[in-house]
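The structures come next, written out as structure tokens.
Each of the next two complexes has chain A plus one more chain, namely chain B in the first and chain C in the second.
So, the complex of A and B:
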């Protein structure tokens, strides 16, 4: 019950910033459309790749960008550098869940904006989507989206917690942002990567955060492929949960704050 | 407060006088002082400086990596070869890098100053408020990005077997300055909206992302039809200086860019003066 109440309180707080959310959404809308514009004009010159699927891919990235691109790490300055973490330590709910519930409303609202914009594109501009809908595919896609969300959340929490050691994590944030953007298939679908980069990407956790959740909403996939991806997601999630526990335990010992 | 006009308009002669060109010597002296103040602040946080240098170089590398990935399937895009596109990206690093050095941080700060009602302290100073808001901070850590961009421009010109003449360089510098002026004026004009709607403080984030339009050849946007009217100047700011060195520039495009830059700069003055009438502080 308290989880629900904290979530609702955060939801109400976020709704006060409707203009701010809308601008954040426009940012997540802009890049997929820019890349789509590029590929739609370039792909007809490249045989063996369909324009139809690339359109669906980038349009789904608008929803994924809103829902799965978590930015919890931006709180590191306020929470750790300025000592705001002290207040969370005294509360009867872990810091992890407080951050989780403060981030979730932003993601849900931005994801919702993404859904509205795609429905509008389909309804009013006649844009076609190559989606694959049946009960099994929706269930599995939903699982990959939820697991992808948790993977991204844990990963961003690592960057947030790294401020316990480094204080200023600006450089690390930028570095991880670049890596995530490339390896989650945001610029170019991973299937378009050169072979060596594709291998690197598939062994990293990043495609399992966004790329596969997006891909599984698209045209049909083999059951073995679904299971493989789900196993990779669960594997990375177990590693992340263990690593988070270790980082929190070690990091909290180094934390100091004055006058709280 | 520096409010011009009683009915919300600013007479043109008065507007021109309000541009701090008339007090050029005074403002140059102030800016010199601001530059040295920024160096002092930089030296106080060397760790942060190194971190930021790394981050800015990383974004420069990201621009090149994305072009390499985007052209991995087709080396020839919109009539531009891969090396020409890399030259365009290097020019993007220089032009947009300059804006990041001198303008971007100030626009972020402007949003916060207005949001938290701290504009009073700037309005009460005996100098132009737009000047102070636009140029107070200098982001030195982005200088290596600009320098890297310059080196890469030379490298890709060499790879393309192009040796620019002095007149080519003159046109390149003129168009780059016009592009920087346009980007600044466009950003400032949009950021003035935060006076009316302070909750839109993150508009600058959108504008920074929006400048990525300039990273791709202008030809990419031709398919957009009437939407291009809105995007048009942004598609020119890097493409035209690059075309100047590639010697494929049409002089009328260059004139359009210069006119847009001057027009937007004057517009930014008008909207700022007008917006100040709506500014309410938080009793700071």
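So, the complex of A and C:
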């Protein structure tokens, strides 16, 4: 019930600033469209694309960008540098879940805007999407989206908590943003990567945050591929849960509650 | 014993930057850190229902101590127990029984009315509907904030926000209340309201309250017992009267003069603090007050004499400056 209340209050707060939420969505919208424009121009020169539809890929990234690109790490300044974390530590409440349910309304609204945009493009501009829908594929895609959300959320929480040691995490945020954009297949789809980089990417947690959730909505996949991705997602999630617990336990001892 | 503090220490590593560009370049390569002893070997106990004032200048260690007691900070050494719990473990059952109010920061959500934060706290602290309605009604009446409940917090004045802050902190009826500068920035009328409210809460709920304030008046009016710290060390723990006796062996005699008189003449009775005809203020040893007052009354140039205790602010100032005559 308390989590529901946190979710609802944040929902109210998000809706309080209509302009802000719309401007944020424009970023989720324009970024994939720019990449799409670029790839549509160079695509005829890439012979090994196969059934992969670059158009569908980047249009789905509009939804994925809105829903899965979590920005909880931007609270590090307010929460840790300025001591806002104190208000959470004094309550019988988990900081992790508070952040989780605070971020969720943002993601749902941004993702919803993404869905509206795609539907509008299909309905009014005749844009076609190469989607693969049946009960099994939707169920598995849904699982990969939820697990992807958790992976991204944990990763961003690591950056947030790193402020307990580094205080200013501005540079780290930018660096990890670039890494995420590359290894999530946002700038270049992972199937276009050179083999060595593809191997590195597939052993990292990043493709499992956005790339595979997007991919699984697109094409027909073998069950073994689905299972492999789900295993990787669950494996990384277990590692992230353990790492978060360790970071929290160690980091909170260094917290000075300055500014409060 | 509700609060027990034994040999509490809290140290911080503080980065020391040398001034100027050269200092910045040097510190970029190699940094020097120094250890700041925010709290040094403090021990005290507080019983259930006590309202204790915690006094000290800026940087004395008051807030650090409160943060250790509420579980925000991990002590460097020593033991702290509050309601039988180790605060830093931050067990839910412990957190549900305490509250820390910090005057300059708040837990209220800026963009939505305070009533929403109260409802959230109801869920977080698992307050029953009946208890919530009862507590909210009492607090709203006491602080007279009924009309403000549905106004966005960002549109409230500082004093109104402070009242809301108190409501948010007290909805779950904490048994232990830590108040850090609760009247800071408030005007005198609002300060009195908040003071009266704290006193009433302490008496009605039999809550244990530890209060820090820069305004000695806050502490003097509310707390029978005071703990004085400076540079992290405990200087005094006792009631106000003992504090005055210990740190100010002087009394003040205010004299109204009938005729102008040389300062030298007044100095025969004690240290002349103010010489502004027709008023003079003389500081006299407690043991000599009676005889000095009688002698003054026999002087032809004296119209009236008034014996006073020195202002508490002055005593505290002397304590902190080490003027313990």
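Please note the rule applied: the second predicted complex is superposed on the first by the 252 of 260 C-alpha atoms of A that agree within 3 Å, B and C clash if a C-alpha of one lies under 4 Å from a C-alpha of the other, contacts with A are read in each partner's own complex, and residues count from 1 in each chain.
By our rule, contacts are C-beta pairs under 8 Å (C-beta built on N, C-alpha and C of every residue); 3 or more make two chains touch, one makes a residue touch a chain.
Note that the structure is a prediction, hence the values are computed from the model and not measured.
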Partners on chain A (chain B, chain C) - clash or fit: fit
Which superposed partner A:41 touches (first chain B, second chain C, both, neither): first
Partner chain(s) touched by A:19 [first = chain B, second = chain C, both, neither]: first
First, second, both or neither for A:165, with chain B first and chain C second: neither
Partner chain(s) touched by A:187 [first = chain B, second = chain C, both, neither]: first
First (chain B), second (chain C), both or neither touched by A:30: first
C-alpha centroid angle, chain C to chain B via chain A, nearest 10°: 80
Contacts of A:257 with chain B and chain C, given as first, second, both or neither: second
Which superposed partner A:246 touches (first chain B, second chain C, both, neither): neither
Residue contacts with chain A in the superposition, chain B compared against chain C: B
After superposition on chain A, the shortest CA separation from chain B to chain C (Å): 5
Chain B/chain C common contact set on chain A: 17
Residue ranges of chain C touching chain A (in the complex, touch as defined): 12, 67, 70-74, 90, 92-93, 95-96, 98-100, 102, 105-107, 109, 111-112, 116, 119-121, 123-126
Residue numbers on chain A that touch chain C, as the complex places them: 1-2, 5-6, 9, 12-13, 16-17, 83-84, 86-87, 89-93, 252-253, 255-257, 259-260
Parts of chain B lying in touch with chain A, wherever the complex brings them together: 47-48, 50-52, 54-55, 58-59, 61-62, 65-66, 69-70, 72-74, 77-78, 197, 199-203, 205-206, 209-210, 212-213, 216, 220-221, 223-224
Residues on chain A engaged by chain B in the complex (per definition of touch): 17-20, 23-24, 26-27, 30-31, 34-35, 37-38, 40-42, 45-46, 49, 168, 170-171, 173-175, 178, 181-182, 187-188, 192-194
